[in-house]
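As written, the chains take the letters A, B, C and D, and residue 1 is the first residue of each chain.
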Amino acid sequence: MDLYEYQGKDLFRRVGIPVSAGRLATTPEEARTAAEELGGPVVVKAQVLTGGRGKAGGVKLADDPADAEAKARDILGLDIRGHVVHTLWIEKASDIEREYYLSITFDRGAKKPLFMFTTQGGVEIEQVAEENPDALVRLHVDPLAGFQPWVARRLVYGGGVEDPSEQKQIAAIVERLYRAFVEFDAMLCEINPLIVTPEGEVKALDSKFTVDDSGLFRHPDIAEWRDPTAADPIETFAREKHVTYVKLDGDVGVLANGAGLGMSTVDVVAHAGGRPANFCDLGGGGSAEGVVDALEVITRDEQVRSIFFNIFGGITRCDEVARGILAALERLDMSRYPIVVRLDGTNAEEGRRILADAGREDIHPEATMLDGARRAVELAGAAA
Amino acid sequence: MDLYEYQGKDLFRRVGIPVSAGRLATTPEEARTAAEELGGPVVVKAQVLTGGRGKAGGVKLADDPADAEAKARDILGLDIRGHVVHTLWIEKASDIEREYYLSITFDRGAKKPLFMFTTQGGVEIEQVAEENPDALVRLHVDPLAGFQPWVARRLVYGGGVEDPSEQKQIAAIVERLYRAFVEFDAMLCEINPLIVTPEGEVKALDSKFTVDDSGLFRHPDIAEWRDPTAADPIETFAREKHVTYVKLDGDVGVLANGAGLGMSTVDVVAHAGGRPANFCDLGGGGSAEGVVDALEVITRDEQVRSIFFNIFGGITRCDEVARGILAALERLDMSRYPIVVRLDGTNAEEGRRILADAGREDIHPEATMLDGARRAVELAGAAA
Amino acid sequence: MAIILDNDTRLVVAGLTGSEGRFHGLRNRAYGTNLVAGVTPGKGGQDVEGVPVFDTVADAVTEAGANTSLIFVPARFAVDAIYEAVDAGIGTVICITEHIPAHDMLRAYTYFRGKGTTMIGPNCPGVLSPGKANAGIIPAEIFSEGGVGLVSRSGTLTYQIGHELTQLGLGNSTIVGIGGDPVVGSSFVDVLEKFEADAQTELIVLVGEIGGDEEEKAAAYVAEHVTKPVLAYIAGFSAPPGKTMGHAGAIISGSSGTAQGKKEALEARGIAVGTTPTEVAQMVAERME
Amino acid sequence: MAIILDNDTRLVVAGLTGSEGRFHGLRNRAYGTNLVAGVTPGKGGQDVEGVPVFDTVADAVTEAGANTSLIFVPARFAVDAIYEAVDAGIGTVICITEHIPAHDMLRAYTYFRGKGTTMIGPNCPGVLSPGKANAGIIPAEIFSEGGVGLVSRSGTLTYQIGHELTQLGLGNSTIVGIGGDPVVGSSFVDVLEKFEADAQTELIVLVGEIGGDEEEKAAAYVAEHVTKPVLAYIAGFSAPPGKTMGHAGAIISGSSGTAQGKKEALEARGIAVGTTPTEVAQMVAERME
């Protein structure tokens, strides 16, 4: 689960990482009030779960409350890489002397947390890594031994920070960031930029924070932060129905059981010349009711022209899937969708017979995954 | 640092291990008041840093406040294995259905914390280990991975606890005891007995708690608990003077530099037929001032008849030690003590010359450790 | 021979008295796996269709000689079950449970790797050595014994490829589902090493997917250490960046973890990558002739 | 040859700019030890009598080729210095610092043992390989090069025995003070293993003291794995139970850890135990003839 800047900063504050004072606002008027309360110039920042908001005009300096209201009006409703701005973070403006970068991520390859630090902050870290790799200090932490003070020293001295007061402040932030990373089950905590003010104060000017979904049960307060308006509305609906669904931009609806087979099915549809409309994993259980829910989710996407069921039964029983398809056809308006069905594995024959016995013209059985994909692509083309 | 029962129970309470309500008392009157406040029958328990207080009459049941006052009168001032009772812990009496044993210690051999649990509680654990080893469950915890719930299950099921409510309560206590062990830098946390009341409630009826002296800087509140009245008065004085000193029961005062050489010197004095009065380590530095302090400590012991300086100079410089001896002779009343001095290692010749130049009859130089010990034993015998 | 599971496997199921543990445990036994024990705290002394249940894994080892643990307990208790198995001296741990917090697995991984335990999963379908033993949820009936070693991050995709192989008359030495989480107990490299050392395995099929860099590492490892032919399939060419595709580990972050990148890394090391499961199976058949 | 330290030793001193670190570090250099660097955070770029000082151990490894770390920093920072050295790839760590909390060392021990680091101490006098290198506070001038390996939990007692040996014309391969804390990086067994493998060492003297069971373990190890003659001395026969004798580890708990028990354990395995340091030296001289 990705957090908004203001949420990540809330977590930073909890572990003692310095951030600027700020207020949330969802209307230009609230932005004005926030600026009044904060006093002095403020920065009006779009809260969106994507990068590049600065270039897209989502971050603006405002000299006074009236200006804050005007800038808020500009930014609210902006579409930034497909994310519409509903929320603003109004923050006291900071003078910036230098911009650094600090992050800790989950290094899956090394199976260890990885710190990265550079004094070349304020730009994308990938760019630093590519153009000036020596300026980027990378350091792993042993997950059992945990954080040790030398880690902070290696980052700070290795990164070339020379001022002793800065060294000390950054070392403290490094240790606290590790605590945030572990305590909040984070997969990523990034501070970019980590700024030094003209007065020599170091603080986090932005936050990028990703929490492990599997760890959320330990953090009910963070789990409540999930913003249904942030995701695609169909994905939000899918989450409510407990259906694993990712929207793509095509016209062939895809259902499979299992994530790997699901990804492969999407690929094979593309390989057959089609454009998959989604990724959808029925999951291990694959009850008839689950099939109805998944079809309800998929058909919310108005682009869908045909549907391809690709089931390889293991725990999932093909007869159950077949019953689910028939139940959905009764309960939902499925008249627009030809359905291609490929069943194999557990109880596949029974499943095929159930569908055949239903004698419906809109159900198209196919014997293999590849043939099924081809047929679904063909039918989507015919329906377009 | 060993803690009193009431101090250990305070730490138990902090981590959530159930203990009975109680009050401290240092006079019979306070014991009466405590019993009144607690209500009902109480147990009056001598607070001493040694075992076997029960057999010595240091733990008594009192039916009412008047009885508590009487029992307190009996117990205060008792000498239990050389420890005089100054403090009592007045605790609400518990009905005991069963007595178990639970501890966690620092297993130096395995370099891991070691849990021990048995349902045969209430007796010395060494006895259980010897007579009924199968009844004692021993289980290590990996210090980096830390406590895992299965550890508690192995102890509880392995120990043969059958009641599910007891299993659950003990498992929780096991986890909390581990937390106490780590959080308070303990070397030993022992609950004996861990009782089950007739109502099925599990709680710690006693506590034995040893905190690592080197970890005390993290626990200033615990460090303050050190009771100067608990130790031998000369040892307490030595602690104030920062002299490493252990009182023994002989008449040859021993000073050496280094713990190993100190122990060895004590042994060699005994080997030479004498009775060492103490172990005393001058430490690595061995300044003249330190020598004066150590001599002041040693001569507080009225049994001392002669003193043996055994110095092998490494960092310690023998000339400095010699100067310290002469300074002490000037500043302290050392007239009763013949002093045997063996100097070797760094600046030994200069040290020997300094002593020789002083031309004192009460200083007896010897060339080897063994000869020095023999001479000191001989002089102690002559002085007796 | 085969790897991880064989005729010497003595399986204990953690969570045998739960509905999933019972269903799959007994299914594994019905296949011929030597299921010697179950573990459920508080249910020691009971049995599940004749399989004795113990309170602790240590008891299952001492009393029933268990040497392999199959974990079906819920996510919040699964990591504890892993530690328990490792500390009881179990040499092979297979964990089916999904949604284990990544930080918990990270610590557990560091711990059991130091102990030399073979761990498969979590969030995996398990391991099947056809004709010998099955531990997990892989539908054994669609596989037959043979010379193809199959290792995959995914369950159903493995069945799909296995099925295509079976239809071409090819069998498997062992099928290993390493799991789709960010931290899994055994990587492709770990399993490749075992297949390389296994006499029964003649050819290895590696089934990868987007996310992480295990496929890239596997490619490098194969080039240096594997003498047997290796073929591959990668799922997720159509996946958009930044979205997890069902598995917590299947996510493209920035420019890393893409299917195309993995395909190129594999091909650069001479490992042919099939475009569809069907094509991979055909490629295997050609090599095995 | 010798063990732990030899002519290939490239020493970095953690805390070289502190008074103790400077005094002993320079003394070690004066003896002939190849002191290549010091480490003090914030003092990188300075030097101590020509020895370059770095901010981090990693820099000392990269820039000065350090392979052995000698730690003189205060107790509260010493464990961090151990971790730092281990993670910087230092193969041998010698820690003189005393009063390190036992729990901190317990965790550090578990960590560095998993990495294969050789660690000596803490709370120890260091290591001396006469004629080659000295790291720590052992007064090197009283020792000479020879065939006796000496391992001890104590500092001055070691000097005493070494001195007696020197007076009998005997020299040492290496003198190792393993330290007097409850948890030390290398046990007697670890050092015995090295002496057994060392060509220069002809005979081993083990100097133990009350507390713990490392002497008992050493006795068992010698009986099974050591072909060279081993002699021993134990200090603390007159020590009362329950009192720490200077070293945090020197405490008799209940009936375990007594000098008599250790003596008996050693003698039961055929290891002669001298009654005084002088007697031990004489016994060595007899064996070395």
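Criterion: a residue touches a chain if its C-beta (ideal position, glycine included) is under 8 Å from a C-beta of that chain, and two chains touch if they have at least 3 such contacts.
Since we're looking at a predicted model, the values are computed, not measured.
Between A-C and A-D, more C-beta contact pairs are found at A-C. The centroid of the Cα atoms in chain A and the matching centroid in chain B are 58 Å apart.
For the pair chain A and chain C, the distance between C-alpha centroids works out to 27 Å. Chain centres here are Cα means. That of chain A falls 54 Å from that of chain D.
Chain geometry summary: the mean Cα position of chain C and that of chain D are 46 Å apart. Of all residues in chain B, those touching 2 or more other chains are 142, 144-145, listed in ascending order. Across the assembly, chain C contributes residues 107, 111 that each touch 2 or more other chains. The touch graph of these protein chains has some other shape, matching none of line, ring, star or complete. Touching pairs of chains, sorted by label, consist of A-B, A-C, A-D, B-C, B-D. In the complex of the two chains, the chain A residues touching chain C come out as 106, 108-109, 111-113, 126, 142-144, 182, 185, 187, 212-215, 217-218, 244, 246, 248, 256-264, 266-271, 276, 279, 281, 284, 312-316, 344-346, 368-370.
Only residues 142, 144-145, 148-150, 153-154, 157-158, 164, 167 of chain A touch chain D when the two sit together in their complex.
By the touch criterion given at the top, residues 75-76, 99-104, 106-107, 109-111, 125, 137-139, 142, 152-160, 163, 180, 182-183, 207, 209-214, 217, 233, 235-240, 243-250, 254-255, 259, 275-278 of chain D touch chain B in their complex.
Across the complex, chain B meets chain A through its residues 144-145.
Every residue of chain C that touches chain B in the complex is listed here, in rising order: 41-42, 44, 55-59, 77, 79-81, 83-84, 87, 107-108, 111.
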